[in-house]
Each structure stands twice: as structure tokens, then as C-alpha cells.
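Take a look at the structures below.
Look for subunit A in each of the two complexes below; its partner is subunit B in the first and subunit C in the second.
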Partner chain A sequence: MGQAIRLKLKRWPGNLLAIGLVALWLFPIFWAVLTSLKTRAQQDRLVPLFLFHPTLDNYNEIFTVSRYEVAIRNSLIISIASTFFVMVLAVCSGYVLGRVRLKHGRDIAMWILSLRMIPPVAVGVPFYLLFVRLGWIDKHLALIAVYTAVGVPFAVWLVQGFFIEIPRELDEAATLDGLTETETLWRVLIPVALPGISVAAIFTFIFTWNEYLLAYLLTTSRAKTVPLAVSENILEYHVEWGRIMASSMIVILPMLVIVFLLQRYIVRGLTLGAVK
Partner chain B sequence: MSVILRSLSKVYEYGVHAVHAVKNLNIEVQAGEFFTLLGPSGCGKTTTLRMVAGLETPTSGQIYLGGEEVTEVAPRKRDVAMVFQSYALYPHMTAYENLTLNLKVHHVPRREIEERAAVVAKMLGISHLLKKKPQQLSGGERQRVALGRAIIRRPKVFLLDEPLSNLDLKLRETMRLELKRLHEELKITTLYVSHDQGEAMVLSDKMAVMHDGVAEQIGTPEEIYHQPANIFVAKFVGSPTINLLRGFLIIEAGATTFCLARLADRADVLARYPLNGNTPEPTLARACDQEVILGVRAEEFVVHYEPRPGLLRTEVDFLEHAGSVNYAILKLVDDAEGKALANGDRLIAAVSYHERLVNGQPLWLGIGKQAKTKLFAAESGQTLQG
Partner chain C sequence: MAQADVRNDLETMVETHRKREVVRRRGPQLSWQIYLLLLPTILYLLIWTIWPLVYAVGVSLFRYNLMRPDLIKFVWLANYARAFNSSVFKGSLEVSATFTVAAVSSQFLLAFFLALVLDRTMRGIGLLRTLFIIPVFLSPTVVGLLWRNMYFADRGVVDYLFTRVGLPAVHWVGQASTSMAGVLIMDAWEWTPFVALVLLAGIQSVPPDIREAAELDGLNTFQYAWRILLPTLRPVILVVLLIRTIDTFKTFDSIWNLTRGGPGNSTYMLSIFATQTGLTGGEIGLATAMAVLMAVVSNIVGLVLVLYLGRREFSSNS
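Moving on, here comes the complex of A and B:
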């Protein structure tokens, strides 16, 4: 018992350092929470204010004054839809590129990966012109289409990598068990690659959720996404910090919950390739 | 359900470079037989097994299962079950689900699936593990689940690809007996691949010793052990490795003697061993002007502590205490040119563990009367007997 305490005490410099770093990292979030609960007057103080009487005014305003709920709804629709389409395409492509011996399989995979190197801004204007013609500007469809196109290369690359890792013998065992190729994909390969597929899905979702540039170019008012809505609080002469923080808090919360629940899978997916 | 391989070949083309993994193999396995493909790594045994499973397509030749040709039939339709060396269990499914997936896919009614699973689990002693996933099981347990997955289907043929090689020695010995017992109970035709000759000898009804894609000899374990068709088979089967002595034959007064001698000078003979007449006379006569190799297994030597005429003089290099039997590793003192032994530079003789031997002690080797010595032509490596 005494020995255990002695060991823990020995590590206190390390522990202190760890606590310090975590505090440093979490401080902005903490500050954002505080700011979201302050009035404008309280925010503008020269000397930062830590103890004060909190108010929910900011939270109130973003829904009444700027209709934040519309942005949230748009972001959800767009992110979920694009992630869905990206994953369907990525799983199919990843399977074929990762396990079926195509004559130019490697070339195709390389080409798909190279698409990832295109900066979204390069396609922003062409897409804008295209969508004006199609009448898709400020409609969900525009962003869903663009995000799918932009998100597929990375997702394919990730999923393909996971499919490649699966030993061939699993396919062989499945075929001897009587499964057709499709059944093998559904019942064996996808479940086994699920950690990787989940990671790809999560990354795609996060990307589409946070994306600003293309959303800015391709929407005006009705299909606004969350990043746009939040940035609208930066007015000409003045920044509505309270509202920005409140908007962020609303959005962070579900993300926190999801990541907290799925963290085991995320970590597994990220580290799966590292150790054999 | 018999398995017949006719003129089976498999060639892998790599651009200009071609690998002949299997060359013109002809094998017949009777229904219910336990047949082993034995050989060193790269001899083509696994490729052959995979061709029988349908996982590889033969370059030429035919495969018949139960009389029907299946050379072009997809693996799913062949009704064969395979146990892989790495088990290939589905990692995301429990042991129970692993066992029963194939039944589910074939739309077997749920009640029957549960019954069969219970029977098989009991047979293999894994009933308490059914809810676990493969990662939670030990190597031996995983292997039994893999076996169960094959058994539960009641296939026409079992294909086992070195299923015991990933297990530690004790477990391997236990599972070996398990396999034998299962085979006796189920009587399903089994094709087994191994590089472990001891394992093959214990388990098989018949075996094929393969080398470089060719079946060097096909026969029962006894036949292969006592009547190897060539030097390769003689060296591969039998532990410790067979002793090979280089020499020539002399026929005088109706008796043939094998003489171990320094090659350059046939006059200087190191030892004379009369042969026990396994080989027909004409063959012996023809072999008199060739170099000949005599194969003697470690247990066939008789050890003498006193000099005897005509026996090979050796010296103990060191001793191996292998538990029940001891082995004396012997070197030839008179063989200055080192040409008398065709296999390495030491002889191995089995000695009873009662005999106290010391390093450096001289011993004279005789060959036991019951020994089934083997004669090979030195040039071709082929047996001169029978």
C-alpha cells in the first residue's frame, strides 16, 4: 500500500505536465462556454471575466433573430446525404479495387487518389457556373453533389486499404461454406472492414459538416449550412461573440456525444493498420 | 466418396518465367481413406489440395470426386470442406455463428442447425466456447472451431491444410489423436497436407511423398518407411534421418556383399555387410559395376564395443539423450577423404539407454539381421530393390 502511494507520488511531475497540457487544450472550449453565457457588456471587458451572472440570451437570439434551426437542418440533410452516397460508392469501389484483380486496378486506384489533391477552390467557380445553369444554386442538391464528388477519393482510398488487409483465406473459407461473391461481401467482408468503413464515414461527415468555401459559393439563403450561419455573426463593425459561441455549443454537443460513444471504434479504426 | 487426380498439373506464369508447381500428378484416394500429401515446403502439396477444393484451376489434368469430374466446377458446388492452416475463422462472428454459417446459407431449418451444432460442439469439446469470438479463443480452441465448421457440413471430402502446424508440441500430439479418432468415427474421405513426416505416418492410411511438384512415392506409411522408392523419400521419412553409406557390391559364392570403401581405391575396404536378399539377382548383377548406396536407419545398427572383422569402425562424436531412446552420433575415423557417407558427415545409431557411452569411445557398427536395409543406385537415387 505504501509502495503504491510512493510510486504515484514519483510521477507527479509527469502528471502535472499532463494536467497542464489538457487544461491548455480545453481552455478555449471552456472560454467559449463562458462567453456564450455572457451579455455583450460582459464580453467586452478588458480584464476577462470568470465569475458572472450567466444568461441564456445568446441562445435565445440565434433562434429568434437568425433562424439557426434552418442552418442546422440544412447541414444535417446535406452531411448525412453526402456521407451516405460517398460511403456507398467508396465501399463498392474499395471492394473492387482492394480485392478483385483488375488489369489496371492499381492505376485506377492511383487516379482516384490523385483527385484528392485537387483543392476544392479550384472547382468552386466551375461548379457555380454549372449549377446556375441547372438551377441548383441554393438547393441542397448542389452541395450534396459536390461534397460527394470531393469526398469520394479519400473515402475510397481509406476503405480500399482496409479491404486489402483482409486475408484472402476468409474469402476462400466463405466460398467453401457456400456463399456467393455478393453474400461474401455483405456477410463477411463488410463486417470485418467495418472499423475502417466507420472511420471513412466519420471523416466524410466531419468534412461535409465543416466545409465552408463551397457552401459559401453555392448557397445564398435557404440552403445555408451551419458554418455559414455561424460566420454571419461577424457583422460589419462588430462581432457577435456571444452568438458565435452559443451556435458552436449547440453543434458541438451532439458531436461530443457521438464521438464519446463511438470512440472505441474510432481508435480501433485509426490504429488498425498500425499493428499487425 | 473417392478422389481421383489424373495427370494434374499446375503452372504459374510470371511473364517469361514459369513455375511448375505440380507436374503430372496421378493419385487415387479411396472412399473413407485418410490420404496425406507429404513433402517439404514448395513441393506442390498445398497447391494440389487447393485444386481439389477448387480454389485453383489446374493447368491441365482432371479431378474426379466420387466418379464425377469436377475440374471446372466452382468450389461452392463441390461439397468439400477445408480447414486452413490459419483457420480462417470469421472474426466478427461468434464460434457458434462460425460453425453454422454454411448451414444457414444452405437454408437448413433452424432446429436442425442447433441440433447439429450441439453434436459437433460436444464431439470437439467446445460446447462452452460457442458464444465467444475467435479473438477470445486460444490456438487449439480456434482450430477445433475450424474443424467443427468443416465437420458440421457432413461433406463428401475433408481437406486439411497443415492444420496442426500452428500448435505447440503437446497440443499437436493431442490433436493428432483427436483427428485420428474423428476419422475413425466419421469415416469421411480426408486429404491431408503436411510437412511433418511423423504426423503423416501416424495419421495416414496412405500417403504421397511429394518433391518439386512430383509424387516420388505413393503407398502406405509402412511401405514408404521400409521400402522407399528413392533416396529423397528415404531421407525425408524417418526420424532421425536415415544413414546413407556409399560403396559397391561384390557377388561371390551366391552371396552379395555391400562394401563400404574409399572410392578411389576399391581394394581398401572399410566394412563388409552381407545383404539379406531383398533384391532380385539380375538387378544386383547389373549393379556391380556402379556405385551403390546403402540406407540403414538408426535403429537398424547393432553396436559392438570390441573390434570385429568386416564392421565399420566409428568413434562417438557426441550423444543425444532423447528420452526413451538415445542416439550416438558417430564419425568415421578411417574415412579420411570423407566420401563414405552419402548424407552428411556423421552416422546416427540408436543405443539403448542402459549402455554407458562416452565421447571419443570407439564403436563397431553391424547391421541387425532383421534390418530391412535399402539399396539405391548412387547415380539415379532410385531403389534397387523389389
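Moving on, here comes the complex of A and C:
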């Protein structure tokens, strides 16, 4: 685990450096939390305020004044559903592209990855035009379908990388035990690839949760997602910073928990898409 | 004893042969089922990505303003010509390119350093790394807004802290000369942790014998990084460079919320130009043409990087 060589620092200086750098890096988050606990008057000082009487007004207002819970509910529905569909497609195709010698497997894999290079604007306009005509604007299902399409390439690439990593001996052992290909997939390969699949799922979920442009184009009020609700606090002549920070901090907490529980896998997952 | 050995060898050979037979026999039988697994994905992508893309190219061939749908007119490649002749377009392309190159290169160097710093086994390093990667999981919209809040001239906390440590207050996003720097700082804050953790995983996967040999040879950290890590991590580095280059080029949400492309045109990315043309101007024909051009540029850059990587990265035949 990188123990032989590291920055030639003795233990404590090195540890302090790590802690210090991360603490410094997190200052903006710290600032966001502070701001979320300030009143408008406290935010508007010429000299930024670090010690003050905190208030939970902002957290209150986003639910009472702007019904943030609707956006949270929408985002949950859309993100969970999109992630689910993306993972189904990604596991199936990742398996095939990663373990089966397909004649054009390489080309197909590269084609799928190339889809990731498309800027959302390019598909946003056609979707908008099509959905207006079909009456699919502001429908959860429409956004789910779009997000699934956008999220598949990256997920396939990650999952495929994980499937490639699994040693062939596992396949052969399973075959010897009399398992069919399907059973092998289900009972042996998927459990082994589960870390990678979880990582792909997390990244997909977070991507769909944070996406702004397509959600902006394709929804108006009923299917509004969290990023849209947050940016609605940018009013004509002033910005409700307190509410922006409060709404952002709320959704960070569950994400933090998940990330912390799975951070080992996340780091592994990021590399296995690349390292052979 | 020799006879037993021979028989063992023979048995092993038979076993191995049998295994191979079994595997080979099962192979061809399942081929159509395998395609069945891949097909839904391909179909879905064809319908929901390729078709809209084709449609987009189609739209880009029209002069189509949403606010005057009656004036829609087929203009062949006029939108593309308009884009190429537009100084704003060329300017925004330059902004995007500059931003991408500057961001990716600076973030990579910073990430490498940070990866080495975080390559420790202290207690709570897992927590540190989790906290470190928070910016990656924030919505780019929120990141843009957060930094806009922090950069506020005079009242801005960034400038305030600068003055507290004796540095001059730079009105980062208040003037065109420093706005690119301001945007780069925000983007670095958001994405360096991602690159750093990928590099970290790569660094930690260096085989122990290599590490020990380097230690025995008395390499210091810099030499180790330069002569051993960089070559070993080449695949990882190239892949993360590829992802980050493509994504950085497409950046929109964060920069839009931070500067709206200003002051002036100093941070006016191509993505912002295209989106504004469509959203604010309603000129979706022109906007789509620009988006298509963006996709083409990304694909070219991506193709170059991938070919350089070697297609082995993407095949199951490796």
C-alpha cells in the first residue's frame, strides 16, 4: 500500500501536511455551511463574518417558502430510476464487451465511449423539440429516459473494465462445476464485480442528481430537480445565498455517508477502468 | 517414483485438455444469447443518442429561431459558415481551448503532488480522502454559485483572507485579466481531487518489489516519481487525461454560474456561447451547429488520445 516509498517526511509532518491540505481544501464547504446559517444581514457585511449567532432560518425557508421537498422527491425518483436502468444495461453490455471475444467488440466499446464526448447541448435541442411535440416536457419518465442514455457510456466503460479484470480461471472453474454461462454470470461474476458495479452506480447516481442543463430544458415545474430548485434562488436583483447554501448542504450529507462507506471501492473503481 | 510422476503429468495433461474441450464446446453454443445481452444497450443508445444527434445535425441545417418559428428556412451549411466567420465563435473556441489545456495540465500536476501527500497509512486517512473528494460530488451549478459567493469583490471572503495574510486583494472575477485564473482555481478545486484519487490508486498498485528496489537504490521521492511512477502509471494517466480533457472542454454549469462568461468575453466558453445562442437567443439552428462542432472537436481530440493510448485499453482481447 505504498509503504516503502512516500514523501520523505517523518510521520507527523507528513500526516499534518495531509490533514492541513485537506482542511484548506475544504474551506469553501466550511464557508458554505457558515453562510447557510447566516441571516441576510449577517451575509451582507463588508468584512466577512466568522463568529456570529447562527440561525436555522434558511433551512426552514427552503421548505416552507419554496417547497424544496418536491425537488428532492423528483431528484430521488429520477436519479434512482435512471441509475437502475443504466446499471442494467451497463452490466449486460459490460459483461459481453469485457469477457466475450466478440468480433467487433473493441469497436463497439470504443463507439460507446465516444458517445460520452457529445455536449449535452447537442442532444438537448432535439430532445426539447421532440418532447414538446410529444407532450413529454416536465415528465419524470422523459428525463429518466434521457439520463439513462447519457449515463450508459461511462457506466459501460467502468463495468467493462471491472469485468476484464476478473481472472479467466473463475470462468473455467465455474464451467467445470457445471454452470451454464448465465449461471456463471449471475452467481460468480457479478458478485465478484460488485465493487466496480457499485462504483459505476454511485457515479451515475451523482451525475443524474447534479445534472442541470437537460433538466432545465426538459422540465418546468412538476419534475423539477434539485439543481434547478437551488438555482431558483437566484432572483432578479439579488441572490438568496443563505438558501442556496442551505439546500446544497442538505443534499451533501447523505452523499457523504455513502461516499465514506464506499471510498475504498471508489478509488479502486476509478483505476480499474484504466489499469490493466 | 518416476512412474507416478509420469502418471501425474499425464493426468494433469488430460485434465487440462478436458477443461479446454469443455470450454471450447460451450463457447459457440451461446453466441446468439451473448448478442442478446449486448443488443438492448446498443438499441437504446441508437434510439436515444444517435437519433437525437442525427436530428441535431438536421436542425443545424436550418435557420430556426424558436421565437419566430414561421421564419424557419433550410439554409444548408450557412449556420456553420456563420459560426466560422464569427469572431465571437472563434473567441469562445479560444477560451475553451485555453481553459481546457490550462486546467488539465495544472490539475494533473497538482493532483500528482496531492496523491503523493495522501499516500499514507495514518489513521483516518480514509476519512481524509472522503472529505477531499467532496467537491467532485457537488453539483457544478452549486460549485459555480459557491465560488461566485466567495469571490465577491470587497465582501468576498477570498480577497478578505488574502488581505489578512498580507497578499493584495485580487478581484478575481471582477476583471478580465484575472477572470480566467479565477475560473481555473474553481475548476481545480472541483476536479483535482478526482484526478488525485485516481493517481493515488495507481500509485498504490505499484508492485512491492519495484518499490523495494527503488528504496534500496536510494531514490528520493522526486526521482521515484519521475523515473518509476510516471512510466508505470502511463495507462492510468492517459485515461484520466482523456476523460478530463473531454469533460473540461464541455464545462458549462460552473463557469456559467460563476461569471456568465464575463467579464466581457474573458471566460466565454464555447459551451456557454452555444447554450446562450439557443436559450436566450432562440437561434437553435445556429446553437445546434455549434454544439455539433463541439462534438466533432471533442471526438477528434479523443480519437487522437485514444489512438495514442493504444486500442488495447478497450478490448477484451488483451
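Here is the rule we use: the second predicted complex is superposed on the first by the 250 of 276 C-alpha atoms of A that agree within 3 Å, B and C clash if a C-alpha of one lies under 4 Å from a C-alpha of the other, contacts with A are read in each partner's own complex, and residues count from 1 in each chain.
Simple rule for what comes next: a contact is a pair of C-beta atoms (placed from the backbone, for glycine too) under 8 Å apart; a residue touches a chain by one contact, two chains touch by 3 or more.
Values in this document were obtained by computation on a predicted structure and should not be read as measured data.
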item: Subunit B versus subunit C as contact partner of A:Val226, first or second or both or neither; value: second
item: Which superposed partner A:Leu56 touches (first subunit B, second subunit C, both, neither); value: neither
item: Per-residue touch tally on subunit A - higher for subunit B or for subunit C; value: C
item: First, second, both or neither for A:Ala109, with subunit B first and subunit C second; value: second
item: Which superposed partner A:Val100 touches (first subunit B, second subunit C, both, neither); value: second
item: Touching partner for A:Leu170 - first (subunit B), second (subunit C), both, neither; value: first
item: Contacts of A:Leu253 with subunit B and subunit C, given as first, second, both or neither; value: neither
item: Subunit B/subunit C common contact set on subunit A; value: 172, 175-176, 180
item: Interface residues, subunit B side, partner subunit A - complex; value: 53, 55, 74-76, 80-82, 84, 86, 88-93, 101-102, 105-106, 149, 153
item: Parts of subunit A lying in touch with subunit B, wherever the complex brings them together; value: 167, 169-170, 172-180, 183, 187-188, 191-192, 194
item: Touch list for subunit A against partner subunit C, complex; value: 1-8, 11, 14-15, 17-19, 21-22, 25-26, 28-29, 31-32, 35, 44-48, 89-90, 92-93, 95-102, 105-106, 108-110, 112-127, 129-130, 145-146, 148-150, 152-153, 156, 160, 163-164, 171-172, 175-176, 180-182, 206, 209-210, 212-213, 226-227, 230-231, 234, 239, 241, 244-245, 248, 252, 255-256, 259-260, 263-264, 266-268, 270-271, 273-276
item: Residue numbers on subunit C that touch subunit A, as the complex places them; value: 19, 22-23, 26, 30, 33-35, 37-38, 40-42, 44-45, 48-49, 52-53, 55-56, 59, 114, 116-122, 125-135, 137-142, 145-147, 149-150, 154-157, 160, 189, 193-194, 197-198, 200-206, 208, 211-212, 214-215, 219-221, 224, 235-236, 238-240, 246, 250, 252-253, 257, 271, 274-275, 278, 284, 287-288, 290-292, 294-295, 298-299, 302-303, 306, 311-318
